[in-house]
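Naming follows writing order (A, B and C), and every chain is counted from residue 1.
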Amino acid sequence: MGLIRARFAGRLGRFALDAAFEAPAAGVTGLFGPSGCGKTTVLRAIAGLNRLAGECRVGDETWQEVGRFVPAHRRAVGYVFQEPSLFAHLSVEGNLLFGAPKRWRGPSFEEIVDLLGLARLLGRGVEGLSGGERQRVAIGRALLSEPRLLLMDEPLSALDQQARAEILPFLERLARATALPMLYVTHDMREIERLADHLVLMQAGRVVASGPLADMQSDPDLPLAAAREAAVTLSARVAAADAGDGLMALAVGGARLLAPRVLAREGDALRLRIAAGDVSLALSRPADSTIVNSLPASIRSARVLNDSDMLAVLALDEAPGEARILARVTRRSWRELGLSEGRAVHAQVKGVSLQG
Amino acid sequence: MQGLSPDVWIAVRLTLELALLTTALLLLLGTPLAWWLARSRVRWKEGVAAVVAMPLVLPPTVLGFYLLIALGPDGPGGAIAGLWGARTLAFSFAGLVIGSIVYSLPFVVQPIRNAFEAMGERPLEVAATLRASPAQAFWRVALPLARPGLITGAVLGFAHTVGEFGVVLMIGGAVPGKTKVLSVAIYDYVETSRWREAGLLSAGMVVFSFVVILATILLGRRAARAGS
Amino acid sequence: MRIRRLAFVAAALGATWAAAWGASAARAAETHVAVAANFTEAAREIAVAFKAGTGHDAVLSFGASGQFYAQIVQAAPFEVFLSADDERPRKLAEEGLGVASQRFTYAIGKLVLWSRSAGLVTGEETLREAKFDKLSIANPVGAPYGAAAIETMKKLGLHDALKPKIVEGASIAQAFQFVETGNAEVGLVALAQIVGKQGSRWLVPQSLYAPIRQDAILLKRGEGNPAALAFVAFLKGPQARAIVEKYGYALDGAP
């Protein structure tokens, strides 16, 4: 598997941009950071739309290095802008086929149109489309240009809540259905949790850290874990599609979790999100709790978050190789239970949300 | 319109030919110029824009006088005319076309430039990420999107050429069928007190101008609606 | 406080301006004169002499006679009209816009074949041999010099042969401009235009064309203006006639 390697330097408004990262040229890499931190600039530089000093390689192709700058139109990227930016003079089909190779008549057109639910829009002009429909057309248009890398610049941020809810499932399906690597810029952690496999964390023009999503989420030294909405994303398999009482059983490594049932078959891969605030700790397996998920775990590390709270990073005993989960507990409980790093505990998981 | 002499119709035909050819050449010339003015980042481009806009404020007689010299044996026009053994480009249809192009240039360039500027950078960036070369982006995106501006420019250029008088008068020599266009014919009728013909042709020009301006306004509104 | 001071300044300025205006109006009368373009230079000199002799101002407007005629019919504020022909003053008199008794020939134009190149024009044979590309004339329907040019060519039996080479200026001034800029090698223009110019010329004999009588007329509008009456009288006098002759025109009754 190849790598996406980027390193750019230049001025960006008030501060200097000096960003370098590597990411696998597979799956979805989230480019995350507060507004104005330089994410979009980096993305545009990778597309060749901005010309900054630096280097850019995707797999075995070099798009930029010292003395070499491949112009934007010779880079096999698909770019989805924040606003759909459809061509007003073309129909939906005309927009979709704009960047498609001339010989294009393969099954992929039908596939992509199906994937994005565009079939009944094909003959229409672009004026009458809803915001969500427009952005789907823009995504389809980018995909049909046969990119080697799909770049998405906050594709949901210009949409209303309803349109976001409409597009997110398309993006998830896209991420799972194609082998196309994706760089996804956003300042919304929820989108990262649902889509990304890998994360590049940016702040004030610099890359703070980058790595697999779960590692980054559970790294107590990074701001993510300290955030009020801190959570980890785990990949799970459906162990039993119907575990009775409207629940289904999921396996994360050897650990088992129960979650509200969704339409899925045994063996299907699912992403689940466990928020730090939804995990409490007990010294023994409680027999008289309403919480159904209680997992044996050990405290790997802990840090004080503020006057009242502690954050603990836990390793699941039944899934030693898998990712960590986070638990947010009060400092008083921590002291009264005599918790410390290395202690064996039971993680009580109050809520598990499925990410599709 | 019985009773109008045949030279009126010769003048009408000549005027239309001149306006059509001028408009076609203006689009060919003005579009790349407008593109450059809209896109270039060089500082002196506004200087070029000012030169292009000069015919808007210069009296036609000034323009006509410079053209007369430029087209004549002492100017570049004479050198060009020398290629086919003539001494001057004045008094020729070609000379009129050149004069009309200079005179009507701002009316064509300005709306097209505005259209190019109004579309912004984004459509071209999108085109680039869809593997369109700059030339392809121009033909497949910029030009179609600038269509309202191109139409407005063409209509105004055509109308302005039809109504052109001062410049034509000064470089034309009123050669029937070659340089004696409608406005010159009207002038002749006024000059010779043939009020009836002058009145009829003038009324025709008034109606024509009204239709053209109305059409431009309506086109502009339709484009604005389509763009919103 | 400030407003009052401003009002005072404005009033003072207004009074000064009014005084200046009143003084100039009282000193001398002025008259508005429409002058055919070909007579421009001579008219300027006459106006200067007029001012020196009478103290009145002649405010001159120059242009094509046909245009002036149309403007006068539409009540333009001219008081004297120096036309390039005799036709329009006659019509103005008939139409009651001009004073018939104050209509007279102030100059007789002379036609000349002129080129800015030395040696190109040698005489009648220049027209006969026609070794030129373009011959510039004034619009024959609108300008008397144009009509005289056509008449000359017809008399010489050359009109049909020369016709393809003719280019027309809307006025005699433009016909001259075509030759002066070299766009036309030769032109039949007014002698008055080439006074003091280089090049080669042939003064077309008077026998080849009807005299180009340039008539002046006092317009009805100027009847009550002493300055207008004075200008008409001055134009008939010896001082003005000398200037007219100097600029290449013949005089009525002169040989």
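Here is the rule we use: a contact is a pair of C-beta atoms (placed from the backbone, for glycine too) under 8 Å apart; a residue touches a chain by one contact, two chains touch by 3 or more.
Bear in mind that the values here come from a model prediction, so they are computed numbers and not experimental data.
By the document's definition of touch, chain A and chain B have no common neighbour.
With centres defined by CA atoms alone, the chain at the far end from chain A is C.
Ranked by how close its mean Cα position lies to the mean of all protein Cα atoms, the top chain is B. Computed from the mean C-alpha positions, the centre of chain A lies at a distance of 56 Å from the centre of chain B. The distance from the centre of chain A to the centre of chain C, each centre being the mean of the chain's C-alpha atoms, comes to 88 Å.
Once the centre of each chain is set as its mean CA position, chain B and chain C turn out to be 35 Å apart. Chain contacts: chain A has no residue touching two or more partner chains. Residues of chain B touching chain A in their complex: 122-123, 125-134, 136-137, 140-141, 144-145, 147, 226-227.
By the touch rule above, chain B contacts chain C in their complex via residues 65, 68-69, 71-74, 78, 86-88, 90-91, 169-171, 173-175, 184, 187-188, 190-193. The part of chain C that touches chain B in the complex is made up of residues 64, 66-67, 69-70, 133-134, 136, 139, 141-142, 166-170, 174, 177-178, 181-185. Of all residues in chain A, those touching chain B in their complex are 47-49, 71-74, 76-79, 81, 83, 85, 87-90, 98-99, 127, 141-142, 145, 151.
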